[in-house]
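Both complexes shown next keep chain A, but they swap its partner, so chain B is in the first and chain C is in the second.
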Partner chain A sequence: MTDSYWSLLLPLLRGLIVTIELAGIILLVGTVCGVVGGVLSALGGITLRILFGSIIFVVRGIPLLVQVFIVFYLLPFMGLTLSAFVTAIIALSVFASATIMEIVRGGIEAVPHGQTEAAMAVGFSRGQSMYVVVLPQAMMSILPPLITQFVFLVKATSIISLLGVPEIMLSGREVIERTLLGFEVMTMIWLLYTAICYPLTMLGRHLEAVLSARGFQAVKN
Partner chain B sequence: MADAELMVRVDGVGKSFGTHKVLDGVSLEVPKGSVCIIIGPSGSGKSTLLRCINFLEPYQAGSIAIEDELVGYSQIDRKRKLRPRREITRMRGETGMVFQQFNLFAHMTALENVAIAPIKVKGVERKQARDDAERLLVKVGLAERMSAYPGFLSGGEQQRVAIARALAMAPKVLLLDEITSALDPERVGEVLEVIRTLADEGMTMLVVTHEMGFAHDIADQVVFMDEGQVIERGAVDILDDPKTSRLKGFLGKLEIDE
Partner chain C sequence: MIEGYIFNWGAVRQALPLLGEGLWVSVQVAVLGIAFGLLIGVLVAISRTSSNRLLSRCGLIYVEVMRNSPSLVKMYFIYFGLPSFGLFPSAFLSAVVALSLHNAAYMAEIFRGGLQAVSHTQQEAAISLGMSSWQTFWYVLFPQAFRNALPAFSNNWVEIVKDTSLTSALAVKELFYVVSNLISETMRTFEFLGVLALIYLLLTSMLAGGMRFVESRIKYRR
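Then we have the complex of A and B:
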């Protein structure tokens, strides 16, 4: 009995590693691009705003699954032959960057304008005002939706199974086809996703607690 | 016209938002070490004028100079040309501003609020900046509150931190924009006391205020503004003996309010 459960679990654990790799890269790329994009669109002029605004408009209007397939078919069309893994990363990173950009921009704009003015008045450059004064305060309002988005993105990697990337979901489906133990395997899959997402949520709570202990408060006045 | 004794020269400054003229040919001169009080009804352009002096707001006509250095523009005749952003930023650092709403950096302690600008802008060493900040906070009477975050300080305390923060950059001139208007009445005195000390020490200040008694005490010069124009300007006795009917009316209204 234990042996058979192990034979179910082992492919899933291999899938788990792929999922973690995928999610790790997507969260990293999404966060970096999202923060840079969010700061630029909060600081920048009308051109940047329109550019980023239209990216977000497009990304929001398409179901994630459809986006993934658009990228999947678009890349070869443009003459790029990439592995399914890389295609998946590109597709989900675009989505992650756009959504995180909105979260960051919203957080920045929630910081009262007086903070920027006071920063400029003591002689900070616009960049300094942003990273010394505004961004740290925006953190408190960025963090909760950001963590929610992280958790969503981790789970959204399951879509990638449809491209043939052997992450948890695809590995699981293969095990089910072999063993017909649908419910057992799906339960394992569920628990494995939870094993990634729960610590992520806890990390978010912890960070919030650390920040508020250091005087970072949710934006007021 | 260069004048070594002049700190701020405002010459025919105009600014409008759309068709609304906020400043309409405003001129005034503030000698070094003197206190210029600006009074006037709300919407008269007093705050906008202060904000133009450190170029938080651009102006569209005339010129502003601090120690004969033009604020914001490198060229004002024919076509206006903005100065490089770096220089606008440097001049802001040489001009202290205190706001009605304090605007302390909410995620920093009182001490950090005061120390941060010298560290980041002037490159002062951290230890040195903290020592200086401590000295300034002691000066404004907040020796006990240095490690408190703004959210835990009273309005009067926050405003005194804001004054210390402005002083930390050793500004050439202080711009005070209705700094007691958002305070509980019993907190006004402690803030004005700090400003009195600064005036005694010879700090050059432009002060927008509605506190007439205070204005009387520290003003070297009083400027009365209305509808974006300087209506009357002179020594402190214009408060007792106004020449224009508009200033007379304004002062009369204040008395009735009190």
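Then we have the complex of A and C:
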């Protein structure tokens, strides 16, 4: 009996590695682009704000599955034929960047304006006061919602199974079709996702507790 | 941007009745998911805030078990997993149950936040007036907590509307499923994707806008 459970688990673990790769790349790209975009939209003028605002409106208003589909059909038409894996990374990274950008912008705007004014009064430039004074304070309130968003993004990679990337959900479906052991396979997948996401959730909650003890308020996502 | 693609909206016009049917199924899944999710969520929130250790532990376990995996996992679990026990739920039922159970965890946390934001003196005042604990909850705590939770509920409900597209994985004949079939039949890819995106954008912004209106009315009356 244990033998057959191993034969179920092995394909799932192979899928899990793909999920972790996907999630890792998306989180990295999303965080870098999100922080840069968030700072730019907090510093920038009205045009940049409207541009980023409308991107976020669209990205938040349409199901991620539809966005991923649009990217899947659009890229080949623009002359880019990429593997499903790379296309999935592009589509999810756009979503990750936009949502993280909004969190970062919220965090920056939550820092009292007096901080920027004081920094500029002692001779910092706009960029310096952002980098040296505002951003470190904003980071504190950004961290808990950022980690919540990380958990959301890890879970969102499951959508990619519907486009044929062999991550854990698709591997699971294949194993179910082969063995008909739906209950066992789905329980394993449930546990594997929990094994990734639960520690992250706990980290987020811990950070929130630590930060609120120090007098920082987490931004609402 | 899309070179060599000639837009032809005739196919979309012909498919309007089909799109309407798909939209109706999506709306049903969303409304049922929100309603049952809210019901379960409020119950879990009550057990989370209960002074009974066992009850509050159970509530916490429910929230963590549900929150740390995708809703797609629950859909597959119900649709592919329950047949192992001789139960064969339909795709529609699996979708609704999975979305309700998944989002109930989020709504439980939101409603718990709403409950905790109600001043403790409200409860004391209600008890001192001779209200039973049930009356205290239903007439005093619940309405205030619900009002506090409304903005966050609105975000979660938008998520549910968007998540209905995932139920196409179980071949529920909702909007996304209908459209992806239409695309492979007619090859009018970008027309249909454009219409699909527009419909979802309208749905989610109408829901968010409607909720904002309700919030403003409630605030006004207070």
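Note that in this section the second predicted complex is superposed on the first by the 201 of 221 C-alpha atoms of A that agree within 3 Å, B and C clash if a C-alpha of one lies under 4 Å from a C-alpha of the other, contacts with A are read in each partner's own complex, and residues count from 1 in each chain.
Assume contacts are C-beta pairs under 8 Å (C-beta built on N, C-alpha and C of every residue); 3 or more make two chains touch, one makes a residue touch a chain.
Since the structure is predicted, the reported quantities are computational estimates derived from the model, not experimental observations.
Participant: After the superposition on A, what does A:Met120 contact: first (chain B), second (chain C), both or neither?
Facilitator: Once the two structures are laid over each other on A, A:Met120 reaches chain B alone.
Participant: With both complexes overlaid on chain A, does A:Phe77 touch chain B (first), chain C (second), both or neither?
Facilitator: second
Participant: Chain A residues in contact: does chain B have more, or chain C?
Facilitator: C
Participant: I'd like to know which partner A:Gly182 touches here: chain B for first, chain C for second, both or neither.
Facilitator: Second partner only, chain C.
Participant: Who does A:Ala156 touch here: chain B (first), chain C (second), both, or neither?
Facilitator: In the superposition, A:Ala156 touches chain C alone.
Participant: Tell me the contact category for A:Pro63 with respect to chain B and chain C: first, second, both or neither.
Facilitator: second
Participant: Which of the two partners, first being chain B and second being chain C, lies in contact with A:Thr194: first, second, both, or neither?
Facilitator: second
Participant: Taking the superposition as given, does A:Gly45 touch the first partner, chain B, the second, chain C, both, or neither?
Facilitator: neither
Participant: Overlap of the chain B and chain C footprints on chain A, residue-wise?
Facilitator: Shared contact residues on chain A: 220.
Participant: Show me the residue ranges of chain C that touch chain A in the complex, using the header's touch definition.
Facilitator: Residues of chain C touching chain A: 1-3, 5, 64-65, 67-74, 76-77, 79-85, 152, 158, 162-166, 168-169, 176, 180, 189-190, 193, 196-197, 200-201, 204-205.
Participant: Within the complex, which stretch of chain A touches chain B?
Facilitator: 112, 114-115, 117-126, 128, 132-133, 136-137, 214-217, 219-221
Participant: Quick one: in the complex, what on chain B touches chain A?
Facilitator: By the definition above, chain B touches chain A via 54, 56, 85-86, 89-90, 92-97, 99, 101, 103-109, 116-117, 120-121, 149, 151, 162, 165-166, 168-169.
Participant: If we count contacts the way the header does, which residues on chain A are in touch with chain C in the complex?
Facilitator: Against chain C, chain A makes touches at 57-58, 60-66, 69-70, 73-74, 77-79, 151, 155-156, 158-159, 161-162, 169, 172-173, 176, 181-187, 189-190, 193-194, 197-198, 201, 220.
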